[in-house]
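The following pair of complexes shares a single chain, chain A, combined with chain B in the former and chain C in the latter.
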Partner chain A sequence: MHNNSVLMTDVNRFRWGQVERKVFPYIIAAPAIICLSLVVISPLIKGISLSFFSVKFAENAPFIGLKNYIRLFRSADFWHSLKITIIYSAVSVTGTFCLGLLLASLVNMQFRGRTIVRVILTLPWAVSDIAAAIIWGWMFDYQFGVLNYLLKILHVIKEPVQWLLNPHVALWSALMASIWKSFPLSMLILLAGLQAIPKEQYEAAIVDGAGRLQRFWYITLPGLRPTASILLLLSIVWSFRSFALIWALTQGGPMRATETIAIGVYKNAFNYYDMSYASALGVIGLILSLIISFFYFRLEKAEKLK
Partner chain B sequence: MTVQQGTIQDLRIRRRRNKIVKYRERFFSYTGIIVVCIIIGFPLYWMLITSLQTQNRLLTFPPAFWVHPIEIKAYKDVVTNYPIWQWLRNSIFVSLFSVLFAMLFSVLCGYSLSRFRYRGRKFISMMILLTQMLPSTLIIIPIYIIFRNAKLLDSFWGLILSNSTHAIPLCTWTLKGYFDTIPKELEDAAIVDGCNQWDVLFRIMLPMAVPACVAAAIISFFGAWNEYAFAVTFISDPQKWLTTIGLASFMGDMYTPWDQVMAGAFLCTVPAIVIFIILQRYIVSGLTSGAIKE
Partner chain C sequence: MKEVLCFFRNKSVVIILIGLMLFFTLPTAFGDTTIEFMHYQFLEAGKKDIIDELISMFEAQNPGIKVKKTPVPLADIQKVLSTRIAGNNAPDISVLGGIQSKAIALGWLEPLNNYIDFAPLKNLLCSAWDEESKGADGKYYAFVQESMAHQMFYNKRLFAEAGVKVPTTIDEFFDAAKKLTKNNEQYGYYLVTNPAETARMFFDITKWVYAYDGRWSRNNALTLNEANVIKAVEMYKKLYDAKVVPWGTDKGTSRKLFWAGKIAMAFEGPYFYEWIRANNPDLLKDIGTAPVPFPSHLCGGEIVYLGIPKNAPHKEAAMAFIKFFLRKDIQRWYVEQTSVEGALTGMAGPEFLKANPWYAPFDGARSKTSTVEGFSEYSTEISQIVTNQLGAVLSINKPAKAAMDQAQKEAEEMISRKK
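Let's look at the complex of A and B:
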């Protein structure tokens, strides 16, 4: 009798163990998936559908099809926004990547105080977008800003520059602040990538007589390729999202000189209360991201086939 | 004999020249490093200086590069005029819970993706990658509407939920990459010893993955601490303002008290910087594990 009950328990435990083992990975992945579905996927679908209606902050919205998009494509502001977004992304990603690569190579070398240097160089990332905007806003100040003063005594400029007030300069000021703020993450990721390149390759190259530039070109760059390509993809997508820094610096001004699509979406949604128009604009931003991702995956496939 | 003497002299000359080249290289490298640090760190130095400046030296042209006398009146003023401590408390609350949930979900999901082969695994990976790439500008509007209906608007928990979710993709990816580098034999040994799956995860894998955990925690903490767009859209009660919302409110006044503004910015940045300095050495090692190689 005693034996029987033990046997029953064993069988039960065995069965439960089998089922549990199969279901376990699903169970533990579930919370993350549920969160993503709730907070990202379903709002995404809702946002896309919102762009096909006419919602002015009210819920009862008539279906208007593509009218929002037609209005978008007809508006000169939209094409201007698109241009600004592309310039902003291109320059910010290139700048962040190059600066990140340069400084990652620097920090990768062995020298005394390496850790302190790395900490100092990563500090811009620890500062919030808003704090960065405040600091740069103060440095950019027309009358009392330190940038104008420094450039004047270095004889780079004769007249003080209206960094944030001149529509021609404002975008570049925002880019300066943005690159300062975002390069540390690129630097860290590239540093991780650099450290993953096996040292033997460098040693073999030195034995073969390769100079520094050659070592960089033939070993470092190819070794970094997987890291760099994903970093570039993420950088581009993140640059489309960039909102807080520009908003705090210029609110998209002066005269829409810094109004990227992200800023435009926010303005239309929460300043003009035209949520559906803003959603349409957001969908365009989404399409841009998807196009970039599509090209990225195509390139990756081509590389894999090589 | 003469040939040998010539060779030895050549060697000496070459060695000395190499030494000089080496010293010159090192001098330039160190100077370069110092210059770079000064340029990058200058804005933060400027923030500190401005906050400690006396009123009459504040708005002068040419601006003063050094602080003398040091005056902390700005800090006293900004703390009295604005509820900075409340902003800090709110931010710490939201950030800590965001990190907690982000880490919990990411560790579970990363482990699932790393160690198991099951139907739908590719789909989950794809979904995580794609959500990483979506512009949040599009979804802020529907989330606003959804949260409004769910009464999560103007609540810390709504913000915590959205912060955690935004951190999940990158954290999961980092953790998965790190888990991938841990040899499977350890797990197998543990199972043989009688551990169930939860034990394996929490008692064995997790302690081994500490660098990646810290890196992921830092990333999600900064994501939450510095978050502005969602915070300013969802929170309307001034009592619930975070540091980012509070700092942003400084801008746009007709007259900006720059020393107070800088003092406020400094106070709101210090916790993040302190945490960062303490934990920074884990970032690179956490990221280096091949997580990036995909």
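Let's look at the complex of A and C:
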């Protein structure tokens, strides 16, 4: 009897231990999940549901189904914003990646003062979006901007350029500022990736007579692939959401030349007080980001299967 | 239990608890009401002191009502107010920060007529009350705190150096601006030329629309492409092309250039005199004022509206403040302190006018905002559409007529989509 009760206690203790081990991670993660639900998931669900109503500003409003989405897809403004978003994202990501890769390769080399150079190159990332917009806004100024001044004294231009006033130029000006702001993070991530590539591969390639370009193409790029692909995915998603820098520089103008979907969401919500329409626009932005992520993970899976 | 009793045996804890209870309940117990007043002017040097004094006078004459000041920057007023009203946490009185039409249309505000008899004040109310104060039911919802018609400030020294007389017509104004402009060192005038400053650019073009006696709407129909509006847009382009205005500079910087004596003329409200005093008092001796050189004698203006949200917790007490502010003696005091017209017209006394001759063009001048009459709830969208097209006229030489025709079309489509 005594042995049975001891055995039962041991069994119960064993089962409870198993349950504890299974449940413990969830208990530890619970506070974070609760916070995330309150701060992220709950507003997300609210925002999506708002897009199916006709809400001007937080009053009780009728359910209108897909009318906001129909209005959105019929609106020339939406397609324009989508086009601007795609161009902005493509150029920003490409520019950031290429500049980041170039500079990562440079600061990966051994030279005197390398640490200081790395710190200086990281500075743009440390500046807030608003501060960056103010700095670039002044640099782009038609009358007093340093860019026009320098280009004029170098005889590159005869007349000052309307960097932020001309709708044909404004988007490229915003992209310049955006790439300047974002390249340090790309550089740092790619630098970490470069440092993870075994040196022996380069040594073997040198022995085999591979030139600099060949080493870059056949060793560096494949070695960077895992790092680069996640960096590209994150960059695309971030560029889709990019708001503060563009808003502070141009507020989506001139003539909507820099009005991305994120700017459109803000304008519709807080300038025009059309909350539901803004929510619908936001949902479309979210869907586009999810589609990109989906294709990325499909490609990754296909590569792994290969 | 023992520990709890020990805790309360500690006398200092008991005293603190009783003190806290009294602090939070005494005002309510004795019937004191605290009204929350939200305004950006609590952050403005000079104006803050005047409002503080106004509040002190009100509290002295209304024992039992205290005013709690909530300063919010002008740029944030719309967002903060609309969020607080939606969250059922509305202040008792708030400046409306440009959303008065939307606020009235959305039913956010308490009608003032329920508490104030406006009949005796009918001939005293300034013209600003006809602008955006009323709802569709004809009741007043927004209280006019300040009404500031814009007139011309000019730099007498720059005029004397250039040998230019004060212009009295639009053509004279343009010629004067050209003579006063010197190649990036000095400009004749300033305008907002960057569409990123949508509201300010729309306000500036509206001044010129009024100059030519144009209107953005007439008889409940949009008239963005009427002949007088097109003339205004062409004039804006003419001033821009002649480079008599700095290009792309934001309004704040342009004002600083004026205070530095680098710009000769500006169309601004009476507050501008105090701003000059605050930023460059030495310039004051060179400053002159004159009526705007427009045949219509009408320039744009700014009106500061206050409102009492429908879900404000202390509406009666808030209305007491509004009634106090509406008294003739208080209005006279306010005008003479701020040099700005208040809710009632002609309140500036003869001694004040004698001591402040610069104020003469502003006294009794009609102030008209840039709100599109009959379409005020779409003003933000319409201003965006107009400034987009105006930007095209300025930067890529789109013809004014084509631009305003496009603006009319887009605005009509936008309104029919939203209705």
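Here are a few things to note about the model shown:
The criterion applied here is as follows: the second predicted complex is superposed on the first by the 282 of 306 C-alpha atoms of A that agree within 3 Å, B and C clash if a C-alpha of one lies under 4 Å from a C-alpha of the other, contacts with A are read in each partner's own complex, and residues count from 1 in each chain.
Throughout what follows, a residue touches a chain if its C-beta (ideal position, glycine included) is under 8 Å from a C-beta of that chain, and two chains touch if they have at least 3 such contacts.
Just so we're clear, the structure is a prediction, and the values are computed from it rather than from any experiment.
Of the two partner chains, neither chain B nor chain C is touched by A:172. Of the two partner chains, neither chain B nor chain C is touched by A:202. Looking at the superposition, the partner that touches the larger set of chain A residues, chain B or chain C, turns out to be B.
Within the superposed three-chain model, A:270 lies in touch with chain B and with chain C [touch as defined at top]. In the superposed model, A:162 makes contact with chain C only, not with chain B. When the two structures are aligned on the shared chain, A:53 is found in touch with neither chain B nor chain C.
Of the two partner chains placed around the shared chain by superposition, chain C is the only one that A:71 touches, whereas chain B remains out of contact. By the touch criterion defined above, A:143 reaches both chain B and chain C. In the overlay built on the shared chain, the residue A:253 is in contact with chain C alone; chain B does not reach it. When both complexes are aligned on chain A by C-alpha atoms, chain A residues 143-144, 270 touch chain B in the first and chain C in the second.
Across the complex, chain C meets chain A through its residues 78-79, 82, 86-87, 102, 106, 184, 193-198, 246-249, 380-381, 384, 387-389, 391-392, 394-396, 417-418. By the touch criterion given at the top, residues 56-59, 71, 75, 141-144, 162, 164-168, 249-251, 253-256, 267, 270-274 of chain A touch chain C in their complex.
Chain A meets chain B in the complex at residues 20-22, 24-26, 28-29, 31-33, 35-36, 38-44, 46-48, 50, 103, 106, 109, 111, 115, 117-139, 143-146, 149, 153, 180, 188-189, 191-193, 195-196, 226-227, 230-231, 233-234, 237, 240-241, 243-244, 247-248, 261-262, 265-266, 269-270, 275, 278-279, 282-283, 285-286, 289, 293. Against chain A, in their complex, chain B makes its touches with residues 29-30, 32-33, 36-37, 40-41, 43-44, 46-47, 50, 59-63, 104-106, 108-109, 111-113, 115-116, 118, 120-121, 124, 127-128, 130-146, 161-162, 164-166, 168-169, 172, 197, 201, 222, 225-226, 228-229, 233, 243-244, 247-248, 250-251, 258, 261-262, 265, 268-269, 272-273, 276-277, 280-281, 283-284, 287-288, 290-294.
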